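The chains carry the letters A, B and C, assigned in the order they are written, with residues numbered from 1 in each.
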């Protein structure tokens, strides 16, 4: 759908009526005295694949955790599909969002975690089925069909009745992706999904992400340390440093031809 | 040695009649404590500092004062309390007294169970957009309950050993009957030995069972220990 | 029987000194039980780890009997049955009370001693052996200091349990807090709520420093133990 989006093309798209699915407006986040994010402005277009890179502690993960409502911004706005995520209107005034409002808005978002966070008391199939049946009120039959379809897509169609602790790390992460995909989010967040894996298992997980990316319709935000993979999959790369987006653009520019000095040092460590 | 075999075998059936009362008091107290423990756990999760402080110290007060005095309070003093007081039977008093005392421990078990569930489970269920109620019923509680089962088993055994305290307010369980038998025959050796044996016979096998259960659970969940500071999870510690 | 009567100042002035007479006995029983109880815990704990099978079995027997029966049953047995059985008179109800409480908690705590030493020894034995320490040196220099830290939180919990257990000595005729609290029941029944509540408060005040001590012990034990 959208292959490479330069900043000019982006503006063009918006003008054409393609509104961003997610919009960060001057978002700040501090933990106690530590300012982790110092003013993030970011538009993510429908179907766009965005890779977020940067040194540890730069706030990469915090950006997507705020979008998943796991962390509340200290100030600023996050708009999802035209709706304000963390605030709602009440009697004509903007007030902090309640759980009901959060649930309404975050229905468009899905997330895959670094440590998988599969439900250990459920089989693989139940892990995938539980949210569609209880959250989306899908019929059991339909939820089961779709779950099986997704699990087959990630190559685990033969593990339906296994429990998470019977799987390898790579398999667990593929289940986690199937579980998130069944909910058909418009935006999918990937939080360093390969960093908890043994090196030989990273490939199979990246392969699945690549397949999902190629299907195109879902926007994806990938927080990652896999530079080559980012070059391959992302339309746009953000380099986050000291709480701000220090450089952004297509991978060909940001990763292969970096201007920012700290980005050069950072990349040097990864690409050698 | 001043021991009378005949008297021992006379005491055995006489005192054994009390087993039924002792056991049923144990079970009723336990159920009461399990339910009331939920109430404490719920109250403690209210995000209000003042309420939290009051609940925490109320629990601390109940937990660190003697259950025997609490029993006396409920049985002897409660009827004298103006306006709300009422006379309660010994059995009911024991259920309320021991039940509330143990519920403060049970509540700690619940807390440790809930805390043993990984933070990522909450996050994943938020990411899948579950409602708060669904998070609890489908994801958190099913995982939180299992590791608490051995600890809850331990508390059942501890409670069983505390139940004879109820004899002091007139619940006619085995200890009370032993007292009766002793005063009828003007000697206590055989009667109290019977009581000790009955307790040993019932609680030792149960302790072995709980140990076995614990090992089985540990194999299933090799997770971080749910070692709460205020729980007596290692070996069944007495509470009297 | 009005509210004013129940919590009148006069009543408090009457009750307070009466209850206070019992504090001395309660604390004496507590101190005795703590000293003898911890002593027994260490002796029995080490015996449970002994290579001598007879010593080990006998200690195991003691531990299981006292953990398997109720403290109140043990107390009655020691006070009423034992003197008759062997014609040994323990001499006083103080001795019977302290002995019952310390034998009971000594049994529970011996398991804490044993468990902590085993837990530390598993990880540290090899390192200590590599430094060519003798068995005794290993225990004294490496294992025991760490094991004691590990025991602290549980020991603290048992301290509070022992405070509560002291109330049982009123049942064998000792004049502790509960004894004086219970006495009003026969003279002025309308005062029992405030008297027994005050008795609870007295016990709580005795337990309070131990509660804070236990929290402190938990902090100490978190530091300085190899995991």
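Observations on the structure shown:
In the analysis below, a contact is a pair of C-beta atoms (placed from the backbone, for glycine too) under 8 Å apart; a residue touches a chain by one contact, two chains touch by 3 or more.
Computed from a prediction, not measured in an experiment: that's the story for all the values here.
Chain-level centrality, scored on Cα centres against the all-protein Cα centre, points to B.
Most remote from subunit B, judged by the distance between CA-atom centroids, is A.
The centroid of the Cα atoms in subunit A and the matching centroid in subunit B are 48 Å apart. Work out the mean CA point of subunit A and of subunit C, and you get 56 Å between them. Separating the centre of subunit B from that of subunit C, both taken as means of CA atoms, is a distance of 19 Å. Across the complex, subunit B meets subunit C through its residues 1-3, 60-61, 63-70, 72-73, 76-78, 80-83, 85, 161-165, 167-168, 175, 178, 182, 187-189, 192-193, 195-196, 199-200, 203-204, 207, 229-230, 232, 234-240. Note for the complex: subunit C touches subunit B at residues 1-3, 6, 64-65, 67-74, 76-77, 80-81, 84-87, 104-105, 108, 111-112, 115, 153-154, 157-158, 160-161, 163-168, 170-171, 178, 181-182, 185, 189-193, 195-197, 199-200, 203-204, 207-208, 210-211, 214-215, 218. Across the interface of their complex, subunit B is touched by residues 68-70, 99, 103, 106-107, 109-111, 113, 115-121, 130-131, 134-135, 179-180, 183 of subunit A.
Partner subunit A is touched in their complex by these residues of subunit B: 118, 120-121, 123-124, 126-132, 134, 138-139, 142-143, 146.
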